[in-house]
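Multiple structures are listed underneath, in structure tokens.
Both complexes below contain subunit A, partnered by subunit B and then by subunit C.
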Partner chain A sequence: MTIRGTLGRAAAPVILPPDAPTPGLDRTPGLDRAPPGRSPLRREGPAKLTGTALYTDDLVFPGAWYGHTIRSTEARARLLGVELDPAFDWSRVVVVTAADIPGPNIVNLIQDDQPILAFGEIRHHAEPVALVAAPDRALLREAAAHVTLRTEPLVPVLDPLASGQVFAHYELSTGDVAAGFAEASLVIEGEYRVGHQEQLYIENNAMIAVPRDDGGVTVHGSLQCPYYVHKALRRSLLLTDAQAQVIQAETGGGFGGKEEYPSILALHAALLARACERPVRMIYDRHEDLAATTKRHPAIVTYRSGVSADGRLVAQDIEIVMDAGAYCTLSPVVLSRGTLHSGGPYACPNVRIRSRAVATNTPPNGAFRGFGAPQTEFAAEMQVNRIAEALAVSPLELRRRWLYRPGDTTPTGQVLRESVAAEEVLDRAAEAAEFERVRARTAAARTEPGHVTGHSTHRIGHGIGLALAWHGAGFTGSGEVHLASVASVELTADGRIVILTGSTEMGQGTKTIFPQLAAEALGVPIEAVDFAPQDTALVPDSGPTVASRTAMVVGGLVIGACRRLRAVVEERSGGPFAGTYPADARAHGPTRIDEHFEPYPGVEFDDTTYRGDAYPAFGWASAIAEVDVDLDTGEVAVRSVVAADDVGRVIHPVLAEGQVEGGTLQAVGYATIEEVKLHDGRYLNDRLATYLIPTALDAPRIETILVEAPFSGAPHGAKGIGELPMDVAAPAVVAAIHDATGVWIHDLPASPERILAAMSAKTAGKTAGDASAGDKAGPR
Partner chain B sequence: MTVRFTVNDEPVEVNLPGVRRLLDVLREDLGLTGTKEGCGEGECGACTVLLDGAVVDSCLVPISQVGGHAVRTVEGLAPRQPDRDHPAGPDDLNVLQRAFLETGGAQCGICTPGMLMAGEAFLASGLPATDEAIREAIAGNLCRCTGYTKIIEAIALAASRQAATRQEAGRPGAGERS
Partner chain C sequence: MIEPPLVSPTGLDEAYRLLAEAVHRPVAGGTDVLVQLAGELGPPPERLIDLWGLDELRGISLDGDALTLGALTTYTEIRRSAVCRDLVPALVEASATIGAAQIQNRGTLGGNVANASPAGDMLPVLLATDAVIVVGSVRGEREVPAPSFWTGYRQTALQPDEIVVRIRIPLIADRQVRFRKIGTRRAQAISKVVLALSWVAESPGVQWRMVRLGLGSVAERPIRATATEAVLDGRLPTSDTADTASVRVAAEIEPINDVRSTADYRRAVTARVLHRLIREAGGW
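Take a look at the complex of A and B:
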């Protein structure tokens, strides 16, 4: 970001032209400035800016019907039947229930537990039970109103701590935790609770299914992972590879929310399309999307940290409970990532981490940017900040002592050999935010009696807070080996260079950075490189577009394919690729190179013992937030965030900054205002008027610092970027709130109600001489 | 009912139930799918269009209220609106669209049409392009990708270019920045 300034934004003029770029990076746009490290114009940008980019709901299929989902209105019940009112003329519409599914009634994912349409037992509110399609919306509404679910209520399980059904659990330990605590002179304990968070892509989930002449189905949809959808369709509709075709429409944001959910939606649309033998549109409205689709897992993290008399971190004992909701979805891997990141980026000889993901009768939770890590790293950073307070040392200084450096070993036994930038991101952020100077100023301000700013009668507390995070790039453990991703490049007979990957564009920049990487590897201008559409009939399975893996893993495959293509052509032509490929194509016809993933050298993980290299590399991030807290109302205004993120190598500075800025604001929302309220297993605030996300007025100024600590396993050195900023800003904001108010907020979001309650509890505790165990450092 | 109005300076006549939403008339009856639906209840601003130059959520406007008025949508911004045979290129954009493209103000693009219309109204208002004023101008438009940073940068860049153009043309005025 290029608008600077740390205090307030009242009538501050916008500074133009942009500030000096990060050294070595050129933000100047232009098609001629294409190589990695430069910022060519977003490839699909003009289409998006003229309203001509086609999202799912913009696609027209003549004769298409509209589909609707009949959902449960109970959290748990025995399903006795689906009743169709005999007074209604059902010949004008189609209805689909579980009995109409040709193959297994299972949404293909990790466990085979989630039905496409419920039968026998309803396990969560808003669970799909039946489907209706009609030629127009009025008739559809009328038909849906004549469907009744006959049920018999069952007692739901809503408290994750009371759940007896465990989808996954892990235990990870290193050293001797009991001995570590025996050595500790300071022990800090805390319990931290974080709630659901909605991805809130502005385009709702949407899918259109079109019957094929070969008996199969083609779906067009808003989605991240075409091959997940493809597999789900093949399995449950008993289709061949060719009979199931998945085409990504322009996708209006995903953030993980379109990783697994599109599979069930595509199945619904396809079942209806088969039934009515016409295209069927299933475009969710916001209410349905909020009520029924996956959210970030709520978590309860219980944490004990031990510090020796000479200030070393000697023990961490961590217990994590994640609420998976009614079905397994991706919970084992979300939990795994959360578990592996829960110690934070700090060396500690004695660590024990126990975790479980349990079932409740609430809508299933799933992927959301960060994927388990934001929940547990919030707890980790709260601990470090509270320890700093207890030791009366600067949180910056404490982190400098403890953070991972090259050669350190993680709790899984992974030796961090290279690409370790924890110290650099911390120092860069602290320097840019003038952390110590501002911290001294806020401390001084607190001692002024009756400190008042502005002209109102409200008392405003100002605070600054710091956090540090790590994020494993790519799939966890041996995930990338199992994925066996493929990316291809083809020199076509008519002399075009086409990248073929299943990696999707959803705003993050795949369509721009892959051509950049290919152009560099081939030595051609970026305009010479085409990008094939994400259509399973055309492109190979490059793995899902998730886990911050696209630039690192699939980008690496694109480079590998291009290097091999270049070698083949240069061998044949005897000249440089750029000058000879058109003639080569004419002479030899098409040449296609398929590049298959090969394990990164020296990276090994044992899934059974949970030991080894949990990730090929880690990205590192630090965030420093400044807040104003209204001490009378508890309202928080996040004024600024300085974010330093190490992404290995920056391919496109403008897009990379965009990832950091967007992720940072999602984390600020997570920290301050985003909250799902539940009643009897139902989301109460399932509308955009009641589930709030930050507007431009709520958003802080965000200053991004891109740090490059390359990963040698990837040909271009890139690690991930998408999720890093999501891990780090929330604990920074909560630390700033503490700096402003003197209270620690253990549960997210740090709402005005929670802040006021904590402040009044502290005042009461001070009066009674009874400081709570969670706030040992005492009053300011 | 019959309703006559203009869309991007083209006269339009529709015969529809008066309660039909302007958003649906644009997208489904006129085929102008550039305007997007994000929530259908006036919270997200994705469906923002200009009605006689004023910012409105087209999901909240019944077509009966549009008679005699001028509607402007994202399709009316570029000097040459692209079609299937002539897709848009970077040089086909107006000053605000171009600024969004250069600064990275559009990511997934679904809020972009509404954001552009709010930005257009702001540029036309002649208000000084301060950070605060721009934030106010787009406060009704939600974006989940950008953190708003590069959108604000884009609108400021467009304002400065517009002011420079006006100064060159010898008619300093509304767009000039303080």
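Take a look at the complex of A and C:
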């Protein structure tokens, strides 16, 4: 079944294919039963809309002090000491350094390498070294100005290719790559470089720590993963489970940027709160957030593809280097996902992939929507588009030949048994965008004199480009088994139905879709289902809210818990749950069901050999972009993107379309303008004046096509949606730029500077032989 | 944010007196000064003088053969001004490219002039229209032609006790003014290159005279490309003219690499946009 919608127009009608079964998807917002497939109002929507939602900075704690972080101003240095100016009255403030941390000075994550506060050696610019708290901001600023870091500079490592420190590396191969290239009649090679990208959630990182009477601490913050923060607090502050309490405030976006960083910030706020014995507020401004918090990993992908004389993809040899920054953070798993997706959604018998994540003296990189896959899939799609050009075949046709179909085997040996929708998303997008017709038109326009459209003096190149992607659903490999997530539902003594999960709402819809799933499983109206706040004192650990796993994995657990609750109550009452649960609650008191994750049947992966089912299922996405390129200035206007995304099952059509539109726009920014330049290991684009993302005027018209190829392992068939659109739009935009200009841009962003330089280089190359080519109307 | 002491005079004479007594950083809409008060981009000003209440510095008027804009004229006022739209539409075009609606509501023409950013979007238009910056102090008023006003990187011809009072743009019959800004995105971006070209020609087939080319973001201050102007003066907007002028302007400017763009790009794009403007004027 397919549903479609378009951003920037009145709500489009539901369009169903001719063979569609009974319409189950209804875009009508409603407060009635609102089962999955309908779009009820989002739970937290009215409060956000009316300004009454309480984000961290809106929370009031009488007597709270303000916290500040003293950061390094060097990329690498020996830290000799933190000096407090004796002329300043330090009795009015508190200062915390590494020496004041009761437990291990480690931010709990994959490796024990990142200190909460630097000691011994500073390893990146903006690294936290000391903390100050004061009763008011003026005094805080004054105190901070009297703290000096005494350092001795060390030579930083800034080039990832020159780094000798490897946080993680993988090598996986299938078939015989040498034999594959021997068979190839066409070999295409490329090196692709993609840079940092900032998540740019609307709300900056923010945390408030409140000392508890039991010697522990409660933190309120903007975060994705309450139990990550909980574990970090327990470990480094030596607290019991009950002494550490983490409460998510309303959270203004995350995109991965609030996966690991809130643990550091919570520890900072908690250390200061312990020191001054008062609540401490640490609310980053945008500059600090941009300068100090995690970004998408830059990557260098070197790619060789071999194609046989009869047009088969016979070999892929891929090398990936990701720049982790100064500490490990989540780099091994980011790299793992990037590695596993780097071949693209194409069957190839001979594949070798070698990858490493290395240390540099730059701020640590971390989770960001797509988690390694957008970097490597950009390279994969560039290769396919360049091969299509070399073979003079349509990039659509080439993909139809090569894409994964049910029964195909991936480089890890995973047989794609079900839920394989690569062909469907490709065909749906191509049909909606009229890809071949538009491509023929742009090709014809290129042969016209002066490469001109419209007014004769306006040199605008028009182009269309295509990309296809896959995205593994849920955690990689045996990750979900290790997480052992729990989701619960409780029928309370007073007859309320409450969902208890650690899964957070950060704008993506958790608070709305879980009640939808529960209401359907229980046969009750959605209003009858409550959603417990994300407070570690109340809800179980449902795993982190990351990896597009919430709808699929935790949503599945919610359904499982509800089905069991329904069975228990119906067994006792002898009647349908909907009619009998209030009386059941009165008679029997509270009933709580804890649903534990069980491995998906038949899914096995060996983390040491990297063989097996890397993911229980994959989502599939295709994007087709149309661009206008100003041939005088290299400026790109992305006019439209048609995005077809297979998410398994659509729970809330409006929110699902929102995810596709947002992810597509974030990818358009990645493709065209979002850039971090560095100087001596410091980000130069550390303000919104210099780190630019698309505005509404830069946004293309986005047409979303939601495809449903359900995953049988989840009770509702959902596979996740958040990251999928991020993987695919950037290579589509760069392909469209090529269609418009004739030049391939290998590095992201495809900035006007890069486009113009490539066009000039091409013209210079051409004019040697053909003085009249290409640039007729331009200055010479 | 740092909050230096602030005085808020209610009349221009009082403002002049306060400025004569001590050096104050003038604040109009605050769109530049408030950013500086964060103290992260260099030392913040020690004392502020709030000019927002000085109604003498407001208003757009037709003044004989000149258009006069008070220093406190906001970009929104320029955008909504029928006089500006009819007489110097490039002012309206340039105002529309600055910041978002909130910035346009507060940001002022006088502030753009006094802030003296090499990327100030209004400044090439003032250069191309022979604008005169009228400045005032207890010693009275004096006039500074726009090309003499910006003297170096964020340096102006203002004495410490002087403020910008108004901007006068002479109205010249048959003058055409073209404006083009190249930024990183389509709105709310600081320019990579900003350009205003003007010329006088009684009809399309007549040779150009009084050619002015104002440029921003290609030097340490807003500049007029006088060598390129000389190439264009007395010529028709032909293909040869465009070729010669674009080669000339590329040689005349000294842009830099910075966080927003590269010297190569700025040089090439200045030349190409100039070429395009001449092409459009020539209709070929």
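Operating definition for what follows: the second predicted complex is superposed on the first by the 733 of 780 C-alpha atoms of A that agree within 3 Å, B and C clash if a C-alpha of one lies under 4 Å from a C-alpha of the other, contacts with A are read in each partner's own complex, and residues count from 1 in each chain.
Just so we're on the same page, a residue touches a chain if its C-beta (ideal position, glycine included) is under 8 Å from a C-beta of that chain, and two chains touch if they have at least 3 such contacts.
Quick caveat: nothing in here was measured; it's all calculated off a predicted structure.
When the two structures are aligned on the shared chain, A:Arg212 is found in touch with neither subunit B nor subunit C. Once chain A of one complex is fitted onto chain A of the other, the partner contacts of A:Glu635 are limited to subunit C, with no touch recorded for subunit B.
Touch criterion met: A:Asn685 reaches subunit C, while subunit B stays clear of it. By the touch criterion defined above, A:Ser760 lies against subunit C but remains apart from subunit B after alignment on the C-alpha atoms of chain A. Between subunit B and subunit C, B touches the greater number of residues of subunit A. Within the superposed three-chain model, A:Arg354 lies out of touch with both subunit B and subunit C [touch as defined at top]. In the superposed model, A:Leu697 makes contact with both subunit B and subunit C.
In the superposition on chain A, A:Arg446 makes contact with neither subunit B nor subunit C.
Applying the stated contact rule after C-alpha superposition, one finds that A:Arg611 touches neither subunit B nor subunit C. Using the contact criterion defined above for the overlaid structures, shared-chain residue A:Lys677 touches subunit C, although it does not reach subunit B.
Where the contact sets of subunit A with subunit B and with subunit C meet, they give residues 689, 695, 697.
Residues of subunit A that touch subunit C in their complex: 141, 287, 456-459, 632-635, 637, 673, 677, 684-685, 689-690, 692, 694-695, 697-698, 752-753, 756-757, 760, 777-780. The part of subunit C that touches subunit A in the complex is made up of residues 2, 38, 40, 182, 184-190, 242-243, 246-247, 259-262, 264-265, 268-269, 271-273, 275-276, 279-280, 283-284.
Listing the residues of subunit B that touch subunit A in their complex gives 27, 31-41, 43-44, 46, 73-75, 77-78, 81-83, 87-90, 92-93, 97, 100-104, 106-113, 116, 128-136, 138-153, 156-157, 160, 177-178.
On subunit A, the positions that touch subunit B within their shared complex are 1-3, 9-14, 16, 18, 29, 31, 39, 41-42, 44-55, 57-58, 60, 199-204, 250-255, 285-286, 506-509, 654-655, 657-658, 661-666, 687-689, 693, 695-697, 699, 701-702.
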